[in-house]
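The following blocks contain the structures, represented as structure tokens.
You will see two complexes here that share subunit A, one where it goes with subunit B and one where it goes with subunit C.
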Partner chain A sequence: MNEIEELSGLSFRISIIGFGAVGQGLAKVLLSKRETLQRMGIDIRVVAIADSVSLLKGSEGIDLEKALQAKEVSGRVGEEIDTGDGAREVLESVEHDLMVEATPTDIRSGEPALTHILRALASGKHVVTSNKGPFIHNHATLIETARKNDLMLRYEATVGGAMPIINLIQENLAGNTIERIEGVLNGTCNYILTRMADERLDYQHALLEAQELGIAEADPSYDVMGIDSASKLVILANTAYENDATFDDVKITGITEITPEALELAEKNGYTIRLIGEATRDRLVVAPKLVSKRHPLAIRGTLNIATIHTDLSKTITVSGAGAGSIETASAILSDIIHIYKRHEIKKGGGD
Partner chain B sequence: MNEIEELSGLSFRISIIGFGAVGQGLAKVLLSKRETLQRMGIDIRVVAIADSVSLLKGSEGIDLEKALQAKEVSGRVGEEIDTGDGAREVLESVEHDLMVEATPTDIRSGEPALTHILRALASGKHVVTSNKGPFIHNHATLIETARKNDLMLRYEATVGGAMPIINLIQENLAGNTIERIEGVLNGTCNYILTRMADERLDYQHALLEAQELGIAEADPSYDVMGIDSASKLVILANTAYENDATFDDVKITGITEITPEALELAEKNGYTIRLIGEATRDRLVVAPKLVSKRHPLAIRGTLNIATIHTDLSKTITVSGAGAGSIETASAILSDIIHIYKRHEIKKGGGD
Partner chain C sequence: MDIELKDTPGQLLLALQPISEMGGNIQSVVHCHDKRTPRGTVPIHVVFEVAKEGLMEIIRRIKANGVIVARVDERRLHEQTFVMLIGHIVHTDISETIDAVDSTGHSEIVDLTLSMPDVKRVSSAFMVIAADSEDSLALALNVLRATAEDKGLLVIEPIKDDAIWM
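Entry: the complex of A and B
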């Protein structure tokens, strides 16, 4: 065995499917953390990157700096693909251990991520994803497919960017019964509500400001109608209750009807209004609610926060940046490292 | 192989060393979670319990209900031991996989927990502990001993009871550089400060109230002098920075000199006073600080809270019950489950 083969036997090979903000964020994080990972004894090698029109392969490890540059200059990461299905080609032609699914979210169909993830699991790859789509209608299928294939499927990045909550529920609170989860799960809505209260702006003006700052999208409906919050709530609930709730199980009210007068009245009485997602085993609701200004859920700005009510650990609250490509990539990286470590134990075998 | 042997081959055997509030809390939690654990496919069997004067063994699994009852009735969990060293006897005479170290904390010597943990690791046992003592002067030795023996040493319960922070730093924030940690790490101090501000009590009156409610000890110095906060800060810093800081590296000021006038002045300006522990790579300080009432660290009552400032994930905040035997036992249980799962992977081998 020559030295190169030996090396590639030791490294953990990943593919990145989807090379938008999150995929590129992950490439940047892997570049900036090269030394940290080396110090941790972790050798992660990206062996394929696919965007919607092109594909880049490199079994010895792709030069991520070049890949980012190519994407910036040409809009494509690699060679154009005729099939239009880079993910399939990667799975069929590139040996690797883990797929990072980072294509854009489609909350209705879950596609193309759903197909990518199921195919990856069927062909022996672990999966880490930031894509909410697949989990909103097919949570149980995904979890069961991973389990059946003895592979890991991690999705911390789907809810609240870097806010650690999925793995918190699954690991730190292992053994606890989750009684209720409530949280502010959308930074755009929270920014708009914070500004409306602070500056007595009406909804339209606060939205415009958020759009100018890049906090709200040109079409803000996904956020302000509560759709994004509802999607995250479904994922949290299914994680906590091992249910198979879907998006259609959530009763949703957005923030578009909230008036400055309502906020002013709330503030006068020591309250404010927040868009709260609340999950119990039987009930999923996203709606604006009065929250005492002293309450942790009265969080300000674009932060996300969630409180988990449990039997043993009582009430645990976590908050953090709800979005951002680097924050999301950080959650993906910690999931990759988690899988890497388990993978190493398995390879090592014995006890 | 008969059925009993087969069963005991599959179960995960633990010993509990120290059977005070935390040890008994763990026994209660294991009892109340028997079905939950079964559903998770987890078979944990307590095969030895030692308190400071007695020892109870049972290779097929101790009846925890009876053990709790015996302790309550007689003050002893089992047979008196002549040697006065139940932990040693357990390690020498009881086959098991993991030791839970739950003896009382001695922050000066770290004993007897330090010896228990090092011996357990030397004899092939994983360790989970709630005891701060061993980590305040010997963090690096403990981590290195576990590593060298290819065993796991988990200590989530040492800081902030059920507040998930050790494993958060080590796992969810894996790959991140921790720039700074700041937190309210002692519920007793925080209760006293909250009451002083709300009711304009002086320190002595608020302390008395806390003692009457069982929130403060008869001798409150460990809490109010900042010693407990400093101990937790050392553990957090060593976890985040892989340093070997000790208790003597912390600059400590307690809350005993805070006056109602100082709090009143702070409140008038939208601030309050909190006992804040702050850690960077080079500097460990526990001291009362002005905190904006809108800031998450202005948390109220006996809760603990910590904010972790990182490069990738930006700012992550967690809060939860800082103490309580069931909350602490919950953190111990999640550490046991974590080790159990890795242990199962190793036994399974292959990929």
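Entry: the complex of A and C
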């Protein structure tokens, strides 16, 4: 609290840990939205950026254009660090208000993000992240740690990229009882199924095409086996039901056994097949499901979509780009702005 | 439904018309020409599907047409869902899979479409399952899931909304 009071009159200082697609996307978005943010009276300054091998600090605010250029040219954003732990160094040596965690996802250990986030919360930083890893086995711990420290931890970007769903559940649908959530949570699978149905491609060909277009990874198993969808489903369920479900609670079937003939047969009957994640309070399932071709969940291409069934609002459906550097950064920016505004209110009216 | 017709032309129409008038869907008509009831009428077995509300009116109209309604065997299979199977459905003996569902006694597979590309590739089936109650349907699905798992078949079920739509 003291620290927050001292900050009065200063800009909102953030660190970015992880400077890949998402971290760089955020830098680009902050640059392109500089004027919009100024007009909103929001002064966000990036005071530290770390990637896996280097660290860039600038207490007056880093020149993001230069940082992006440096990363592009040398693969490093700043000075090499011997500790190999940029996040720790940032937390120990750079004064700031909020950490953006955008390192790679590890669904087993949640690391390095889990440690980064817990440390940030322990040292008085709000956290915004796009990283699913830490939430899959430690949701309750993370939420509790933030609450105990009177800090905010927001993670809209972890599920569905730009598609607003976490904050929709937590804020807009507050007071509703959520009965069921179901959605298409993985754009890669959805692209493959769409192409298989449209062109009668078999799974291998559709996958190959997706890889050529950069939609699927070289090792696609994380997506096509349903692991990514299951991770997101855990986060949605824990958010909606305030549970502490983990990845192991999800019954998972991927899309690798779907055939073009099956899709054709489904289509003849007015249906298509989509990889659907479904969460109720006591059941988490990811599996290919039959969806009426007219149903919103029969969404096409790489888009994500989710339907939330509630007691008061009834059925709410959202859809949007499930991934992408700028799209994901947009969700992070929105979380940052939300925290910024709350932070301003806490300071006493924002002036 | 078992009905009895006089052995004169036009009788069958009198029996079947009320069913279609009430929006019923006739599935089969078994006509045993060589059989006679003690009354000298021809027994006919008609299977049709109609919304619950329509049944009494159909019976009334058939009777009004002078046709004897001997027996109405109501199987209220008004709960329906559908699933797809993918795998070596034929190799693993599809009739066994169907029997497993039918053997629950309260449900049956009322429609089945198969797609078999060629012997080496997996086939798929789209099946409609009907049951007399939600519980029977759930039971039938469990039986189907278990049978499919034993046979290494992938079951694809509809999302919840779609099952309600049917």
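To be clear about the criterion, the second predicted complex is superposed on the first by the 339 of 351 C-alpha atoms of A that agree within 3 Å, B and C clash if a C-alpha of one lies under 4 Å from a C-alpha of the other, contacts with A are read in each partner's own complex, and residues count from 1 in each chain.
Keep this in mind: a residue touches a chain if its C-beta (ideal position, glycine included) is under 8 Å from a C-beta of that chain, and two chains touch if they have at least 3 such contacts.
Bear in mind the structure is a predicted one, so any value in this text is a computation, not a measurement.
Using the contact criterion defined above for the overlaid structures, shared-chain residue A:Glu212 touches neither subunit B nor subunit C, since it reaches no partner.
In the superposition on chain A, A:Glu278 contacts subunit C only, with no contact to subunit B.
Once the two complexes are overlaid on the shared chain, A:Asp82 sits clear of subunit B and of subunit C alike. Per the touch definition, subunit C reaches subunit A in the complex via residues 82-84, 86-87, 113, 115, 117, 121-126, 154, 156-162, 165. If you check the complex, the residues on subunit B that touch subunit A are 29, 33, 36-37, 40, 156, 162-164, 167-168, 171-177, 294, 296, 299-300, 310, 312-321, 324, 326-327, 329-331, 333-334, 337-338, 342-343, 345-351. Across the complex, subunit C is touched by residues 180, 182, 253, 257-259, 261-262, 264-266, 268-269, 271, 273, 276, 278, 287-292, 295, 297 of subunit A.
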